Amino acid sequence: MEKIGVYVCHCGTNIAGVVNVEEVRDWTAKNLKDHGVVISRDYKFMCSSLGQELIEQDIKEQGLTRVVVAACSPHLHEATFRKACGRAGMNPYMCELVSIREQASWVHTDKVAATQKSKAILSGGVRRVEYHTALEPLKVSIHPDTMVVGGGIAGIQAALEIADAGFHVYLVEREPSIGGHMAQFDKTFPTLDCSACILTPKMVDVGSHPNITLLTWSEVTKVDGYVGNFTVTVKKKASYVNNDTCTGCGICWEKCPKKVVDNVYEAGMGIRKAIYRPFPQAVPKYPVMDVDTCIYFEKGTCKACEKFCPTEPNSINFEQKDEFLDIPVGNIILATGYDAFDPHRIPQYGYGRLPNVFTSLEFERLCNAAGPTGGNILLRDGKTAPKVVGIVHCVGSRDKNYNEGCSAICCMQSLKFAHLVHERTGAEVYNFYIDIRTPGKSYDEFYQRLLEEGTHFVRGKVAEISDAVRLPGEEGKLVIQVEDTLTGNQLRVPVDMAILSVGLEPRADAKEVAKLFGISCSANGWFTERHPKLDPVATMTDGIYIAGCVQGPKDIPASVAQGAATAARVLGKIQQKEIALEPVRASVLEEKCSGCRICNDLCPFNAILFHEDKMVSEINAALCQGCGTCVAACPAGAISGTGFSNEQVLAQIEGLLLLNISEDAVPA
Amino acid sequence: MTKRLLMIDDDPDFVAGIKSILDSAGEFEVDVAYNPKDGLKALQTREYDLLLLDIMMGRGAEGVMIARKLRKDPKLREMPVLIITGMREQIAFLFPGEPIHPRFVEVDELVEKPVEPKLLLEKVKSLIKTAEARKVNP
Amino acid sequence: MTNNKPFEPVIIGFTCNWCSYRAADLAGTSRTKYAPNIRLLRLMCSGRLDPTFVFKALANGADGVMITGCHPGECHYLEQNYKALRRFQLMRRTLEGLGVDPRRVKLVWASAAEGAKFAQEVTSFVEEVRALGPLNWGAGENGRVAEYQSTPQEALA
Amino acid sequence: MTETITFRQEVLNLLHASEGNPINFCIQCGTCSGTCPVAGFMDHSPRQIIAMINAGMKEEVMNSNTFWYCASCYHCTVRCPQEINITGLMYAMKRYSIWKGKYKEGLIGPTFSEAFVKMIVRTGRSFEPVLAPSYIFSFNMRGFLQEVQNATELMLKGRLPLLPARIKRLEKFRSVIGRIIPMGGLE
Amino acid sequence: MKEYAYYPGCSLEKMAVSYHLSAVETTGKLGIKLKELEDWSCCGATAYSGIDELLSHTLSARNLAIAEKTGLDFVAPCSACYKNMYFTAVHMRKDADLAEHINFALEEDNLHFSGNVTVRHLIEVYVNEVGLEEIKSKVTRPLEGVRVAPYYGCQIMRPRKDHEDVEQPQFFEELLAAIGAMPINYPLKMRCCGGSLIISSRTAALSMVRNLLQSAVDGQADVIATTCPMCQVNLECYQQQVNQEFGTNFSVPVLYFTQLIGLAFGITPKKLGMGKEFVALAPSLLAAGKANPAHSKP
């Protein structure tokens, strides 16, 4: 018979406020005696060092062989109590933490029912712990290489920090160059730094760093393995340019006859060629060929780029094929960024129908010196400068018809635009907002600056932008219809240019990417962090981290901070050289296995292999993730799951239902 | 012992008036629901001896819906109902000078606002008495 | 409603460690109240649920069983909740064959972010089972479960 | 001593069965007033009325012409970022003020609605001329003349119904109504 | 010969008789039979929900029940009737208590509405059911060069939010193009004409009508095509009052889209109820040639 110690926690008043802890303690001592309970104590804070010492003392003095703690959720302090038992010489996996806080005191108002339920939960734990076996955590080695997916500012920061620490990084980027959205901006708030000036040095570091293998124009297609032992298949799309010999001189895209609207980097405002380098400071500097628009791939003619390429041997190689690389890495950092909201979805704002309605990315390109208008803010005709500009906040954000959340940056972005318009054109500027949200350091000071510059702030969400002229002075203008909620007047503001400050949205393929990496994402597509407040850069899956806007809308400083944070977590893992994995695994008892192979194709991690000779199945402990599907499916009961064996679960069910409780527990 | 009444009416001033009358009688404990949804929920969770029901509520004459729903529910079929309605002046223009027609509302009693306190107490007591009598020998 | 107290069903809830158990935790941290009739048991995945667990619970005094897991497509082990779904359909037919009303076993998907939904599903399921009345499956003549002395209610002295 | 409910709660009770979020979801963003084609002619814009209801300003709300000037074009409802059924609220406020007989005097809306509803209950179909008296006299002289001029031109073009249309099963129709609003000597 | 349960609505008796005539004529040409609902009653328009919403649903449900008996799809030419019928059906399908109560009332007229009726606006029949190709094939006298303002009005698209484009639909423009006409860019095409406000708050409604006319004139429209009798009356019959009120001199013809289709099908104007307009269509447009567009300087 086991000697079980039961410890019921008050958790201050979190548990004791609703559950009668003393009654639970006494009931356990009295009724679970014949199931091995020798001690039943209660304490204000079991997770405190004093609480843990209580356990350690009892184990040493009373020779306890099992410990059951009734307190908070196992996701919080299971490790704490396991360590405490370990220190006292008991195998840590002999300890069971059952939750009477999240599952009783916090969710029920009826104190009597909550106390009764706590008894049942405790009884379940006690019956279960009888069948616990000593386990050792699985030691798994950590591959020192890391893969960073997404070459935006967050991915760049993570890659640099890890590479500078002397470990190898594979940086995979879908576009021909790293830089992400930040490379498209002209200035950044609140300091009005030129975006390229602060970004390109980091890009150059990445391009030239000995520890970073840059895989641009590439995508991850398959991920296998688990923390420390991932094997990631990367498809390196053929760029039809031999990067070893190419000097990036640019003659090929000058001579290329095929002009194409650049919807990615120039946000549809400028054009590029079929063979192109997205922007001058691109890293790597080599061009890529866009197969869909290149004339050679269409009609088999042209080949102008090849003719004019000065390099020997010729860097243009039309025979290049896609390559698939299987890269072993220990950890993966996802920094795949966001998509901007497409305002076509709000027809009443007229984007796409009324020429002088611009999105924020389009306006960024207008302001950028390398942009299509060389930095001059001009209307769609490319000639006239606007005299009155209207900037619309919250486009597609804070709206249950589109994206419910606030995009965190679109207020500051709108203020930046207002400043740029003042500075470059001296035009009148109207900002239509619901709330001005300037949470960051010296953000509100930037807002003061805009007030100083005489920006017209109108509190009201824009109802409509239309070209229907009604009053004199509206001819040829865009009329912004809005209620100024502070004066209560309904305004018709005629402007020359309207800038839609669009919100941030998850990537269109976020759900597929999340499934590819085996992590979960929220309903709308932001990747789910392990804990929203205390662990925002890790995910539920060990070894996979998230940084930047992929986790939720945030500004550049926060993205950089998260990039660095994931680097720190990865470096921490690499230093450990090996980590202990939960010993929850399945294993086949050979003598019981009838070789029916039902379990074989149940395992998505192909951890179950079949021995033709012995006609039995076997589970590869390294690949098994411990889900237990095969354990439940085995008709012969030949597969047992450590940590969640059939005996443990069945005993816990009996315990929860308070069966064969000693006779005197039954009332008169 | 005190009888437990439920009042479903959307007009708080009127409810306050009725409540003060019933409280003054000292033998009634009055719960109030201000819309049909809360009223039906209250009827499912507690047992009442009498229901005071208004007609014009929410989308329109929803009191009629509730009265009919009660009559179909086995647990609540026996509950005595006293309809107190101001429907006549509320939509008087629709049927000028015509009586409120309880035929489709199988109800025990109907009183029109404004309600005279003594008459109200009488009706409430008698309804409860008859309901009790019915329960003893259906 | 024979005696004065309304019938309080006992429900056993199986949760998966990654999604629905965390949904229950979230219901806890956000203090979302729900009926106390359910007692949760944590498995690593809904795929781990062996139909015998459900029969064991029902045969030993539970009036209803609620199986919860991650939404299809969001399983931490990629696709094991699809197998749980298949087993659930098969189990309902078996239960019917054994004379137990299949509405006593319910399958609910709840992601780690759906604490409120988890709480609401529990409360509505408790009401459904309350309407079905006590199960007393496999009970001996005195209403006690044959091989065990006490029923869940009395043991809670 | 008896705690009564707030004016906002009264309005929420009116909308207990309506879809769309309750008015306490309103973030006062002004989309509805910016959209409303009639806002310029209203005492208070739709946003202001919602703010006033939430603030419990019962008298001012009842004395406002806002919900009587609502053209029920639903443009505010489809655009509201908080998915509040604002048109539904305007209808509810009309019901509230008709039932209580409390509305800003000089408004034509209430008397017109009452006349319209009474007409349908009588004949089952609408017959515009019978509605004229309910509003024609509250127009100013110019409006009155314009309306008369309009009516004559309609007549000349043969577009003015002369005989009130009736439905065949009128009695049955009225007894159907009698089951919804249990009034009338429908034995 | 596809049949529809046709619900004309009160104004199509007299006030908008030309809408009725042209609808019957053009659907006839397209192999569609509009079987008028037997003993239909008023849908309650906008007045009812302000008195008693249950009664409003009952009025609509009565007509839906009659249509359900015929087993045909329900077609309403007037946007207000269409919206009332559509949403009564939606609410009764969703709310069992409401359905039970209203069906209890309908029993008096031994009618019952169980919810399986598809409610369509007349224009949906042309655009979705018949299809533009079929219409194009029937056009004998395309309205070459006739600039038409496609006026949707408000309750034809709203408050439904499940269309793929609630704010800027294009199907009316496509329909007009199919009959050879030239749909203009009409920014206020979804804005309200004032509806019953023309009576309860005149100045507001007249200014709304004025904006709609102004926008049509700015787009050099020869004629405004409407899909609802109330909009037609407000836009056309009150042009005089708008001119007096705001000192403008609009004289823009306002026709039903079915009349335009009828002209394109070569049906004689008389049969389309032409000649009842306050603002006559320019005779040249009748012959579908483009003579002098009905311009006006405000």
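Order of writing sets the chain letters: A, B, C, D and E. Residues in each chain are counted from 1.
The criterion applied here is as follows: a contact is a pair of C-beta atoms (placed from the backbone, for glycine too) under 8 Å apart; a residue touches a chain by one contact, two chains touch by 3 or more.
Here the structure is a predicted model, which is why all the values come from computation and not from measurement.
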Given the two chain pairs B-D and B-E, which is bridged by the higher number of C-beta pairs in contact?
B-D
Using CA atoms only, can you tell me which chain is the most central one in this structure?
A
Gap in Å, rounded to a whole number, between the CA centres of subunit E and subunit D:
22
Cα centroid separation, subunit C vs subunit D, in Å, comes to 50
If you average the Cα atoms of subunit B and of subunit C to get two centres, how far apart are those centres in Å?
41
Rounded to the nearest whole Å, what is the centre-to-centre distance of subunit A and subunit C, using the mean of the C-alpha atoms as each centre?
32
Listed in rising order, subunit A residues that touch 2 or more other chains are 348, 401
For subunit E, write out the residues touching at least two other chains, lowest number first.
51-55, 98, 101, 104, 161, 166-167, 211
Return all touching chain pairs.
A-C, A-D, A-E, B-D, B-E, D-E
Contact residues on subunit C for subunit A in the complex?
10, 12, 18-19, 21-22, 24-25, 27-29, 31-34, 36, 39-45, 47-53, 56-57, 60-62, 70, 73-74, 76-80, 83-84, 87, 111-113, 119, 145, 148-150, 152, 154-157
In their complex, what parts of subunit A are in touch with subunit C?
27, 31, 73-75, 99, 101-104, 106-110, 113-114, 116-117, 119-121, 124, 511, 515, 518, 520, 522-523, 528, 540-541, 584, 602, 604-605, 625-629, 631-633, 641, 643-644, 646, 649-650, 652-654, 656-661, 663, 665-667
Residue positions on subunit B within touch of subunit D in the complex are 10, 12-13, 15-16, 19-20, 34-38, 55-62, 64, 87-91, 93-95, 98-105
Subunit A-touching residues of subunit E, taken from the complex the two chains share
161, 165-168, 187-188, 211, 214-215, 218
Touching residues (chain side subunit E, partner subunit D) in the complex:
10-11, 13-17, 39-42, 44-55, 58-59, 62, 95, 98, 101-102, 104-109, 154-155, 158-159, 161, 166-167, 190-192, 194-197, 199-205, 207-208, 211, 237-238, 240-241, 244, 275-278
